[in-house]
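Take a look at these structures.
Both of the next two complexes hold chain A, though its partner changes from chain B to chain C.
And then the complex of A and B:
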């Protein structure tokens, strides 16, 4: 898909999340608010960010972009701001703008620029933090968001735990299967570090022969 | 870093970092051994030690040995794996920096802050110790943050090794040889080092994610005690992380056996379907056998305990059989001239195999009820760490120290003495367990001192011989770096 079409796709995803009936429906319950609406807004920005990164290699921007995006996303996950966005349209507007441009866009850009190690590092940390957040939602005895019931909070906790498991399982299955990822990985590696350590020779043999007979004088 | 040099026909492997890893591992191993010796001397009543300080030593000895086993093991694995797949030494550098930072934080937390709940930091000890004044809350947070940093470093290292394997072989499944095992392919058959490396990447990464989660939860619990953790879930997560991580260290280091024995004997180590099946089975089982640490937790589901017992019986067998029989097949009538390196490798195989036996005994539920909180358990893990893992790392150090020359150089007596003292030391733990001596006690009854005192004497021998191996390596570092 062409970059400009992807940018439009991203805008479409954001617009879908902002449609009054959809937004109202999703904001009616805490799990759908956090697990569907916020990802829609950030996801739309991320699609556009990834499209922008196409043809603009800048590997050094990957980590800062992902960090900035994650920090913004983390801010809007704070219960106090979830409540504020429901109570004040101005805060909701700021949230929408920042989730699209300060969370989604840098996340999409950074993800596209990142190599496989950084991507998996992000996923591993995301899984761990999703699990921790899920545990907090489950064990805190009081309501964290004034706008939602305790039952919603517990459901969100379970949802976050399931999401953590899905992230780990998905990444593990993808790494096990490899496939075309291997070629992309190799290209990314060579682009990132042309002076990296290189293997002695391709291991196309089924025996360990490397080094045999290579005794030093 | 001057990593572009080559050695023995094998290209750049981040040699300078490997040497730094081994030097760090060697020095810390000796330090941790001395801490262990001091604890045994205190239990023997030959020296007086404040019990609070004993538990600080116990905590540092435990976490230090686990961390350094991983550091030494990963040095071995990286060295040989990078001969088969392209790896970036920057990951080694990042890991070492994070490791050093983490170690400094842990030492500060333990010796300045008094944090001493043993390396397993079992819930609710970190918070309880803080609230009843045994240690400051900041020390618990500092220690656990240090553990977190060390975990992050190893995670980056694992991901880099995984990336290299995926790039070279097309996926971690192919790194385990599944295309050979299940589809009969003969393309890009992974050598044993790649198979072991793939297994390590998979199990260690999963363990570290679980570890990061429970460490973060524990930190939050220390800071906000209202955030209670289900004790059973906490214990499950800690042992899934800890048991898998320490198991993986021996799978990292065993690569030296796969690589060196063929070079010493001139016989190749073939990747057979049996070999691949063994490693695949162990990859799966090592992730699910940790419940054998929870056999005394009555609230655990019965099926989980059954899995813990049954799979503990069979988990080690596949890799042990393919590795042990493979080593024996290579050695049989090979005309090998034994020296310190080859003898240490053989001791390692023995230590690994024999060390599993007391582990399997303890994994039997009816035995576990009686033995698990006795010296039997430290007996089992000292067996395969002291006589399985460490000889592999020492052999690798000495191999590098002699310029990777595989000709026999003598010195096998020192290896045999190490075996003798090591066996004596470990036997005292096991006999202590047989006599129902409890583990993790700073003060022992007079009836138990006989085991402690013999163990202390044996420990002196172990420390002396380990010092000989490590110092030999340290003295050769300039030569290793100069000549490769």
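And then the complex of A and C:
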């Protein structure tokens, strides 16, 4: 898919999450609010961010972009701000804009620019944070969000733990299925013929591998 | 080298901005839930409550402003509440026994379906006697909504025909301002606050 098509795909995903019936349905329950609606908004931005990164290698931006995206995502996961977005349309509007442009976009861009070590670091941290958040939602006896029932909070806790497991399993599978090998091969190839690693190379590969091993001058 | 220096600088800048944002969003790491935020906000800036008309368990009508001149402890309940309102009721019974003569107790129903008869049952169950302790509904839907919004009471259906709500003990001072919200079991803190205000 061409980059501009991907940007449109991202916009489409965001628009889907903004459709009033969809947003209302997803916000009716805490698990769908956090595990579907927020990822839709950030995910739409991420698709566009990854598309933007194609053919624009800038490995040095990977870490700060990913950090900005993670912090923004973290902010909107604070129970206080989940409640606030439901109570005040202005807060909800700020949240939508920041999830798309300050969370999704930099996450997609940063992921595409990141090398394998940074990616692994991000996955490990994401899994740890998801597990801790899931654990908190499961064990805290009080409701954290005034807008949702305790049973919903428990379901979200379970969902977050499952998601943490999926992230770990995905990373492990990738490692076992030869992700490391492919990287090693790529490095070996580059060592053998340094000129092959031209700046144009990333645009020739797909987005996922475009940023692997952010190139050192 | 220049590249990694740029990475480090940019990452530090983003980390600083992120720490600032998260610090602001949690009141410096103290406020993670809207309940905590509400209690801090109200304590920092007391707010005048709308002057609603209350229909109590004896069928009498009172205005909230009739309570001016003395402290009132309020709670928000619904008459058929099986759980948290019982905790609140117990705290209110303790307050009823311990509060000075001049202070009043007010249980406000947020459920428009509560009839005066049901409010009477609720009152009997907890030994509430008007005018010291009124159990009252608000007939005017707009007034009820305005009062709940001002006190930031969030009521959601529990899926079983009842409600779940952010319960608390609400202290209204003699000027009619909501000055503090305490936990539903924290009768001692309410007594201490009223004693401190009187002293």
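Operating definition for what follows: the second predicted complex is superposed on the first by the 180 of 217 C-alpha atoms of A that agree within 3 Å, B and C clash if a C-alpha of one lies under 4 Å from a C-alpha of the other, contacts with A are read in each partner's own complex, and residues count from 1 in each chain.
In this text, a residue touches a chain if its C-beta (ideal position, glycine included) is under 8 Å from a C-beta of that chain, and two chains touch if they have at least 3 such contacts.
Since we're looking at a predicted model, the values are computed, not measured.
In the superposition on chain A, contact is made by A:79 with chain C only, not with chain B.
In the superposed model, A:15 makes contact with neither chain B nor chain C. Once chain A of one complex is fitted onto chain A of the other, the partner contacts of A:172 are limited to chain B, with no touch recorded for chain C.
Chain A is touched at more residues by one of its partners, and among chain B and chain C that partner is B. In the superposed pair of complexes, A:116 makes contact with chain B only, with no contact to chain C. Overlap of the chain B and chain C interfaces on chain A comprises residues 216. The touching residues of chain A, counted against chain B in their complex, run 115-117, 120-121, 124-125, 127-129, 131-132, 135-136, 139-141, 168, 172, 175-179, 181-182, 185-186, 189, 192-193, 195-200, 202-216. On chain B, the positions that touch chain A within their shared complex are 3-4, 8-14, 82-91, 155-156, 159-160, 162-164, 166-174, 186-194, 202, 205-206, 208-209, 212-213, 216-217, 220, 226-229, 258-259, 262-263, 266, 268-271, 403-407. The part of chain C that touches chain A in the complex is made up of residues 3-4, 6-7, 10-11, 13-15, 17-18, 21-22, 25-26, 31-37, 154, 156, 158-159, 164, 166. Per the touch definition, chain A reaches chain C in the complex via residues 59-64, 67-68, 71-72, 74-75, 78-81, 83-84, 87, 143-150, 216-217.
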